[in-house]
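Pasting the structures here.
Each of the two complexes below includes chain A, the first together with chain B, the second together with chain C.
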Partner chain A sequence: MKPKTKTVKISIIGFGYVGAGVAEVIRRKREDIARKYGLDLKIAGIADLSGIFVDEDGLDEAELLKLKTGEKKWERPDDMTTLDLIRDVEHDVMVETTPTNVITGEPGLTHIITALESGRHVVTSNKGPLALEYSRLTNLAAKQGTELKFEASVGGAMPILSLVRENLAGNGVLSIQGILNGTCNYILTRMAEEGLPYEHVLKEAQELGLAEADPSKDVEGVDTAVKLVILANAVFGMNATYKDVEVAGITSITSDALQLAEEAGYVIKLIGEVNTEGGLKVRPRLVPKHDPLNVSGTLNVATIKTDLAGDITVIGKGAGPVEAASAILADIISIYV
Partner chain B sequence: MKISMDIELKDIPGQLVLALKPVSGLGGNILSVLHQRDKKTPAGRIPVELVIEIAETRLERLVEQLEEQGVSVVRTGEVRLRESMVVLLIGHIVHSDLGETIDSIDSTGFAEIVGLSLSMPGVDKESSASVTLSAIGKKELDEALKILERTASKKDITVIPPI
Partner chain C sequence: MKPKTKTVKISIIGFGYVGAGVAEVIRRKREDIARKYGLDLKIAGIADLSGIFVDEDGLDEAELLKLKTGEKKWERPDDMTTLDLIRDVEHDVMVETTPTNVITGEPGLTHIITALESGRHVVTSNKGPLALEYSRLTNLAAKQGTELKFEASVGGAMPILSLVRENLAGNGVLSIQGILNGTCNYILTRMAEEGLPYEHVLKEAQELGLAEADPSKDVEGVDTAVKLVILANAVFGMNATYKDVEVAGITSITSDALQLAEEAGYVIKLIGEVNTEGGLKVRPRLVPKHDPLNVSGTLNVATIKTDLAGDITVIGKGAGPVEAASAILADIISIYV
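Moving on, here comes the complex of A and B:
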């Protein structure tokens, strides 16, 4: 007998490339998800700086995606703000995909608090609120009896939080070391392979859309540090914030240094490390060429050292709209399955 | 030659000075003294680990003198550097007194810089170096890295350690 299908209504707050990616994967996977998990995913509303669309019976994803190509114009109802949507439009899961702000956490922080207070589950890729107010948000979710999930915030498509929490349950995690920023990995890989100077490769990464016009968050290690804080809190139960991380970026790395590393049998990678001794560090490290942490291009990787299972290494795409949406989709499904 | 030596002292004041005197008396150099006051041998004596630099021909004489003072010499051996790691440095390495940076490690007695490969692109530009650190044990190697990092940070040199 086929199980009864449950309708799950979703809002997407922040319709940038990740938010639109979520609409895209829901459109692509709707039938699969209904068949395999008995869930009928419907987008009840989306909000962005540019406007708001709401339909409690479900918006058409293909129409929404036209907003990204310019074929459809944004509209803004006079009587509804983003917070009104989160509070008042009936839905089950708020997907928060606004840009990360590591100083204030806003606007994501207010969105998440409002959604949890309204009894909605939250799935987010936004690192700022988690890095700043982790315990406050998880406590609020626990009090409300709702779920707060954030696999997409660390390592994009690469599963790490659920891997540790579910598949490695019962293991003590001793340390996690990893490459958590694809932009830095791309730059270091290209510099090493082509012997090109940092500035040149940075420009190339910007032209390819792999680095932002202001690349400081990536190349100075801020993004890696924020992800490390999320790991420290979610996996190690620390109550860490960004300020607890010792951070150095890749801006001082020279092609000469990469050449010397190569001659000694190493590559240079920007490695984030958290361990049970409480140290949170982001800095360039020498990685032996044959170590599993030596992945190239924009890939992310993490080695989890555990007391029972030994070392486990996961590799995956750290960025990209569909890749991030993959982690968000898995989080949504896991709330109900 | 560099010698590591395990000695045992009587548990009364002034014994350590008594033990160290003959080393300088024979023209030797004390590189490190690990004095574990809280540890005792079953016979109630205090174990001390010394690393010294002394002429090979004088080592026997030193052991004799120590024994004459009532210091028992449990073990002597040439210091072997068993652990090593490669570390990269980036910055004005040469102009910020490379000799001093190397010295900060070599003077510990338990670690040395045993390899150095330098790349200098131009007079005003930052240079890079790969440095091989060796030490008598893992703990000592970590300590040597810390010393190198402290010295380097004063000189605005970036240190890239292995994972």
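Moving on, here comes the complex of A and C:
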């Protein structure tokens, strides 16, 4: 028995690695998704700083991906702005993947508000708007009767938000502890395994593209803190913002400290923690070697302490365009299935 | 805005550790579940070999739990049988928690068929019926328009089935590898850490209640194989039964072998694996120390290899009455929410 197929029109706002990843994943998975979930996904529009493409019957993803290789040039129909697209082009789900800005939340914040006010569902990987204006956005979505989903904003492909909401339904969550930044985990893992100093490994990570030229957001714990705020709000119903987090990064960890920890049966990891007591903390902590939180390399991990299921740990790739796109795709499907 | 509350009447068939755990969890979580999900859970009946209690307005869980301490004696209304209860007492969800029988699937198989034929949803922790008659049962549920859910049958509180179906929706699953039996993991962990021989650690596990007097189902890989069959059918759409699994257990693992593995940077774990090639294997395997599959003690773990999200690993307690009840509760909620 084949289910009836429902057309779902999508806009992708921000066509960087993640936005293009979403187009690529839709291209690869269109037939599977139609067969398994009865959804026909069409990209009705994409927008980036460089231009806009719109086709309410569905753009060709293979063509769009040529924008990333330079084989295709950006265009813009009649001075259309991104907000025009969000408001006026008929579609069901806006996918927001512009870069995170933790000071103003823009331009994502305005994109999300505009989409919700236009009655569209929103799926986003953008942490800024959620860390700054969580209750405003969720209240607006509730008022409009639309969905606001953001699994990709915390831990990339690693499911946490949906895990707590669905798989652990009925459980009380006591705390979440995790490694939410792959760059820090890579640096600490290499320092511990090779006995190398921080500066050396940071440089290596930068050469490998695992750390940015200005690595401060990662190594000073800002990125982890922003994700923690999203978990605090979404899972614990707090009304927290970035300012509520006590943050220490990894810049002063020495290979001597890692060596001492190792001898005592521990590793040092940058751990974000939120619990029912309300404290939000990001800091380097000793983790027993056999603890499930001890994961290596660029992996992310979270241990969810619950009152019924005990401790549930989930491990996955925290970054990467296809991984983030995978979380976005699952969020889109969950709106309809 | 308070959602309207829907009454959900439940029967619990099999009132051992898991069945009583379900009653206990419903007692503890009734108010939370009404508030968060708008569901008023009532136990309309319980049945065990020793007797039956029925009240369509809802039994008192605290009273029922006295059956486990001997403070209350079993009764049976007018020769009522378990099948009478399943068929004739008005309720919405049958929770089946009788012991697993991998030869006949009984009595669980008949309980589940009767419940589905009576138009009831089924939530079960019982592996036997699913390992023997998976397609018959899922086809019957589909025909009746009722749900058949069994998260608790694989990995206890550790979510796998719902993780693949919901959190990883849109992903193709390439393989699942995991430690699905806590007893084997406990034995191998202790042997490796303390250099103790198999027989010694088995005896210790038996004294701690972690292994049964006849430990063969655990240590010979039967329990792992049965869970693997459920994963193969539910995730990969195979039509496998226990006989399709190539099984080797842990009884011939020596502490010397564990020591050699350790020196080379590995641990030995009893791994169940199912993949798209179709092979179902349970056998001791070398696992690199830094692999997320290397978890200690009685923990269970599964790594799900996907085409988009990469490798996702989930770790949790594979056994325990409250943990299994937690998975059953999440399954019940998922039917309605």
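To be clear about the criterion, the second predicted complex is superposed on the first by the 335 of 337 C-alpha atoms of A that agree within 3 Å, B and C clash if a C-alpha of one lies under 4 Å from a C-alpha of the other, contacts with A are read in each partner's own complex, and residues count from 1 in each chain.
By definition in this document, a residue touches a chain if its C-beta (ideal position, glycine included) is under 8 Å from a C-beta of that chain, and two chains touch if they have at least 3 such contacts.
If you're wondering where the values come from, they're calculated on a predicted model, not measured in any experiment.
S.K.: Following the overlay on chain A, give me a clash-or-fit verdict for chain B and chain C.
M.R.: The answer is fit.
S.K.: Would you check which partner chain A:286 touches, where first means chain B only, second means chain C only, and both and neither mean what they say?
M.R.: first
S.K.: I'd like to know which partner A:260 touches here: chain B for first, chain C for second, both or neither.
M.R.: first
S.K.: For A:44, select first, second, both or neither according to whether it touches chain B, chain C, the two together, or no partner.
M.R.: After superposition on chain A, A:44 lies in contact with neither partner.
S.K.: A:8 contacts which: chain B (first), chain C (second), both, neither?
M.R.: neither
S.K.: Which partner chains sit in contact with A:33 here, chain B, chain C, both or neither? Use first/second/both/neither.
M.R.: Once the two structures are laid over each other on A, A:33 reaches chain C alone.
S.K.: Which of the two partners, first being chain B and second being chain C, lies in contact with A:94: first, second, both, or neither?
M.R.: neither
S.K.: Between chain B (first) and chain C (second), which does A:177 come into contact with in this model arrangement: first, second, both, or neither?
M.R.: The answer is first: A:177 touches chain B but not chain C.
S.K.: Check the residue A:248 against both partner chains and state whether it touches chain B (first), chain C (second), both, or neither.
M.R.: Only chain B is touched by A:248; chain C is not.
S.K.: Enter the shortest inter-chain Cα distance between chain B and chain C once the structures share a common frame, rounded to whole Å.
M.R.: Value for chain B versus chain C, nearest C-alpha atoms: 17 Å.
S.K.: In the superposed arrangement, what residues of chain A touch both chain B and chain C?
M.R.: Dual-contact residues (chain A): none.
S.K.: Over in the complex, which chain A residues touch chain B? Could you list them?
M.R.: 177, 248, 252-254, 256-257, 259-261, 263-266, 268, 271, 273, 283-288, 291, 293
S.K.: Give every residue of chain B touching chain A within the complex, in rising order.
M.R.: 86-88, 90-91, 117, 119, 121, 126-130, 132, 158, 160-163
S.K.: Taking the touch rule as given, give the residues of chain C at its contact with chain A in the complex, in rising order.
M.R.: 25, 29, 32-33, 37, 151, 157-159, 162-163, 166-172, 290, 292, 295-296, 299, 306, 308-317, 320, 322-323, 325-327, 329-330, 332-334, 337
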